[in-house]
Amino acid sequence: MKQLFSFKNLKYSACVVALFGVIQLLISLNIFDDYYQITIATICINIILAVSLNLIAGFTGQFSLGHAGFMSIGAYACALITLNINSNYSFFLGIFVGAILSALLGFVIGIPTLRLKGDYLAIATLGMAEIIKIIAQNLEFTGGAAGLSDIPQYTNWVWLFFFTAGTVVVIKNFINSSHGRACVSIREDEIASEVMGINTTKYKVLAFVIGAFFAGIAGALYSTYFYVINPGLFGFLKSVDILVIVVIGGMGSIRGSIIASILLAIVSTYLQDFPEIRMILYSLILVVVMLAREFIKTKKINLDILNIKKYIKTNGAR
Amino acid sequence: MFSVKRLSLILVVIMLAATMFTACSQSSNTNSNEINVGLNYELSGAGATYGQDTVDGIMMAIDEINAAGGVLGKKINPIKQDNKTDPAEATSITTKLATKENVVAILGPATSGATKASIPVAVKNKVPLITGSATADDITVDAKGVKEYGYRICFNDSFQGTVMANFALKNMNAKSAVVLMDSSSDYGKGLAKNFRETFTKAGGTIVEDEAFIKGDKDFSAVLTKIKDKNFDILLISGYYNEAGLIIKQAKDMGINKPILGGDGFDSPDLAKLAGNSALSNVFFSTHYSLLDKDATVVKFMDEFKKKYNKDSNAFNALGYDLGYFIADAIKRANSEDPTKIKEAIDATEGFKGVTGKFSIDENHNPVKTAVVIELKDGAQVSALKIEP
Amino acid sequence: MEQFVQQLINGLSLGSIYALIALGYTMVYGIVKLINFAHGDIFMVGAYVGFVSITYFNMGFFPALLIAMLFCAVLGVVIEKVAYKPLRNASRITALITAIGVSLLLEYVVMFFAKAGVRTYPENVLPNLEMTILGVRITFTQVCIFAVTIALVILLQFIVHKTRVGKAMRAVSMDKDAAQLMGINVNNTISVTFAIGSALAGAAGILVGVYYNSIDPLMGIIPGLKAFVAAVFGGIGIIPGAMIGGFSIGAVETMVSGYGSSLYKDAVAFAILILVLIVKPSGLLGKNTREKV
Amino acid sequence: MPLLSVKNLTKSFGGLTAVSNANLTLNKGELVGLIGPNGAGKTTVFNLLTGVYVPSSGSIELSVGDNVRKINGLKPYNITRLGISRTFQNIRLFKDLTVLDNVRIAMHQNVKYGLISSFFRLPSYYREEQEVIKKAESLLEIFKLDTKKNELSRNLPYGEQRRLEIARALATNPSLLLLDEPAAGMNPNETAELTDLIDWIRKEFNLTILLIEHDMSLVMKICERLYVLDYGMIIAEGKPEEIKTNKRVIEAYLGEEVPHA
């Protein structure tokens, strides 16, 4: 119990509360007007998506290209519930059901596909997300290609913050627990991990399920914020967008995912002012960032090599 | 560890500063000599074709208007934004246009999904939003009532679907139909749905219900399947991009049944894709006919060709009308107040555009005549007006 | 039966296109282990180059085909040198994201210059002939597509198995470092691979333009994805596998449209892919490799 | 009752038989060596014992408490839970994790708190995590790695990586420890140190150890019994002195590497 109130925890909690307070203040002073609030909503939803994908791809090392598929399950479930059940609790029911259904799907899909590795897993999850999209396109109750519209806007800044902070805290806690370490060990060396007593299948599926759960929440928030969802939104490119955030922020770095979500949202708002060449600039930035990151990284490796040389020099050759 | 923390802190500070900076810089760019009109369009992504085409039309109209002195003595300043065919992005852009750019009205988006996401924002900010091509029935009115600030100047799906079904039943004596729809667009699905309903209610049968998705190029499988079926007409519910290919492949395969469609067919590209020889016995509903020799239409087509070096299509024409439509509303409102402009739009009576003469009804839809055009060897040979 | 054969023919001509694109995917994957998502867009660029050559320079089909292949080969090499080479030792996911960036870049640069709308190839680039054998209709264009695909695959097999370059390619795909030690110029070999793969995609682009008569800047996304599915299906990195995969996906698609519901043709293709992966993760012709412990 | 008894163990990959009809018995507390020329199938035996490979035929029985459990066909993590742990010939640490994490991961099976506790850091999380850290640190102390507990394991020098791997294996709380060439790549000093360490942990942790090693000085010094494997078959078994003079063994090693003892 003592550790719960440790200095570090208190400091983090204080930061979170302060961040909420500052933004809340800016909103109530109308410095953050509607437009910034939409940007903030996008950021929050992207953070949830990126952090949950990071759990799967960055921490557990399972390369998934189908995260948008899970998001769509949450979005559709929550939209259908809020559209059809008129109650004060339908929003929470929607989020809950959306997240659970998404997690369930993660479980059902995870068990067979997680036997695959690397690129094969990526293409299988991509196929899975495409199948979900096509099914949503052709079902009557999901509104077909038009999707669902006039979804009541329940999501507001407070809920966005609550769920985003909640996602980050829960996933961070998970990573720093024995269960989370089991997941990370799979990324590091699957065979060694299994020999060290870890049921790798269970933990891969678990990471998948937890990731899907939070992607479902993100989808639910999306649908109850942006009024409209349709299958086209949850295609391959959406999965890629999420992956881009995770990779730019750094695989296995929650902080990185958060920062990348914010940065990309800001870049995107800047690019709005260049409507004709928006996508050209975006793709250029993407390529340049990836190349620059690698450039810096190799420089660092070079430095490490120098260090090793130095190390050998000072300790004598073996 | 420590340095990473410090770095992220610095980043956050920079970002906050950057955000503030944009907040300040943007509020200052209102120019009192110009009237800002927002263009919220699909310039990239799956709907880019429709967005870009509509914007071409709008820009041409606005250039003409400005060259003629503008409205209320001021130039119209189009503020163009790309919504990437993404409803969330469309919402963001609508908000930006309404709150940051001080626009008096927003034109667009072109696709129904993005439009549906934008209208609640327009309503919230009390800025009229007019779309030229979102055809879903529930764009302007749904179970909860009329969307206060949402308008369109194109047909809705149920109107066109009904028009084509009645045309098939009455003018062609069709008893059975094959429906081939674009299942990836709500236009395709909406049109097909309404056609199906009207057609079967009047005793017709749908022999086969098939679908394709945007971007498909090979329809031989589906066409082979329906080739030997017994039916009177084939409805292609989709845009010219795929319809042109379907018509070509169908005729190549020897399917000579009449082919019906909606205003999605209305593009010179249809003939290019299908080939003139294949474009016979094809009927589609649209806004205007080239046979009319209407002065506005002829002038528009000539000027458009001159300006963009290509033939105009329905999206260009609807965009062009959007430009004049909003200018007309501003003029009649005699004000730059969005609410006054909204009232002027409500009161639109007999607006004369390229796509016809229309008024705005209480459901914020245009009341205009549809024309069913028959194509023979790629050319329009007859036009039948159908009153709403 | 007649209909079945007709559908099979339809499937084969569609499959030829997938096969041509899949070959490039598989070669590049085989040698640098990169899912080159820009490959579908090189296919698109090929279609546009063909369009320009035929419409503005009044070239015939074969000169245009050559130009498109050449242009795409150069484009492929440039992309490799500029965007992928610096990432050769980076994590696979970094390279993948870069490939996606390049893909978007190609799409939107072409869209910027050519606009988003469709462009149409002139009619009669190839003679508009067709024949009917026992009620089954085959067009000259279909024959051409099939023939060009088969010819290119045979040529490719010849290059890979009978030439020095091909030997180098196989060596590099097995072990880059060892190949380097054996005196093989790894950089050149990789460039050649990109050039050949991209040229094949360019060929597919112009064939699509001629066959379907319609091209647009985003036309590469879906065929690219499906071709990749085809490559994995047949066993990625294996040339005959890509061809078999391409034809299979084409056939599955037409059969599902023809006998099931066209609504679900893509879903079925992906479902089969997932099933194949689960049953035989390395694809139809792939060899299962065991990790050494 | 032997701790481990292996009967007629066979493993073939396609046409190649890597291990054929091997019989092996380990008594509690023994330190047994498994030697043989390169490619004889020693590591395959380890892989079979730990469930990384599934045997083609034969049986592996492990006594767990008072029961005897058949463990062939079980998943590696189940076998680890029953008390077999191992190191790898080509060091397989979790390279991008800290030394402490490497050990903590191996203690996973002893952690009882559930997912909910880990999500919300309930008291059980803190209680058990603290225990895990304490145990892990004391283990690291034994291997003289406690000062480096926060370093990434990839940054450790080679010898320390080997030691860490043993520490990690011990963290699973095994009754049987399989060491795959623990002295590979070490200099004589390090090897001697390691030899003492292995001997010490055996007593301290009450272990039975099966050891693959090429370094005969180490093998001869600490092993009580040896099995010799050649072409997947056990060709000899006995005390080190006996093995040293065994004709078949010498033949097997001829042309390869004569045991220098």
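The chains carry the letters A, B, C and D, assigned in the order they are written, with residues numbered from 1 in each.
In this text, a contact is a pair of C-beta atoms (placed from the backbone, for glycine too) under 8 Å apart; a residue touches a chain by one contact, two chains touch by 3 or more.
Everything quoted here is computed from the prediction, not taken from an experiment.
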item	value
Touch-network distance, chain B to chain D, counted in steps	2
Of all other chains, the one whose Cα centre sits farthest from chain C	D
Central subunit by CA centre of mass proxy	A
Which of A-C and B-C has more C-beta pairs touching across its chains	A-C
Centre-of-Cα separation between chain C and chain A, whole angstrom	32
Inter-chain centre distance, chain C versus chain D - centres from mean C-alpha coordinates, in Å	49
Separation of chain A from chain B, taking each centre as the mean of its C-alpha atoms, in whole Å	34
Numbers and ranges of chain C residues touching at least 2 other chains	108, 111, 221, 263, 266, 293
Chain B residues counted as touching two or more neighbouring chains	43-44, 46, 183, 211, 213
Shared interface positions of chain A, touching two or more other chains	137-138, 191, 276, 279
Touching residues on chain B, where the partner in the complex is chain A	4, 8, 11-12, 15, 18-20, 22-23, 41, 43-44, 46, 80-82, 84-88, 91-93, 95-96, 98-100, 112-114, 116-117, 120-121, 124-125, 136, 138, 142, 144, 182-186, 188-190, 211, 213
Chain A contact footprint on chain D (complex, rising order)	50-52, 75-77, 80-81, 85-86, 88, 92-97, 101, 104-109, 111, 113, 115, 117-121, 123, 125-126, 128-130, 132, 168-169, 171-172, 187
Residue ranges of chain B in contact with chain C within the complex	43-44, 46, 48-49, 51-53, 183, 210-213, 215, 217-218, 220-222, 224-225, 228, 241, 244-245, 248, 252-254, 269, 272-273, 275
Chain A to chain C touching residues, read off their complex	57, 63, 112-113, 115-120, 122-124, 126-128, 130-131, 134-135, 137-138, 191, 236, 240, 243-244, 247-248, 251, 276-277, 279-280, 282-284, 286-287, 290-291, 293-295, 297-298
Contact footprint of chain B on chain C as seen in their complex	3, 6-7, 10-11, 13-14, 108, 111, 115-118, 120, 123, 130, 137, 139, 208, 212-214, 216-219, 221-222, 253-259, 261-263, 265-266
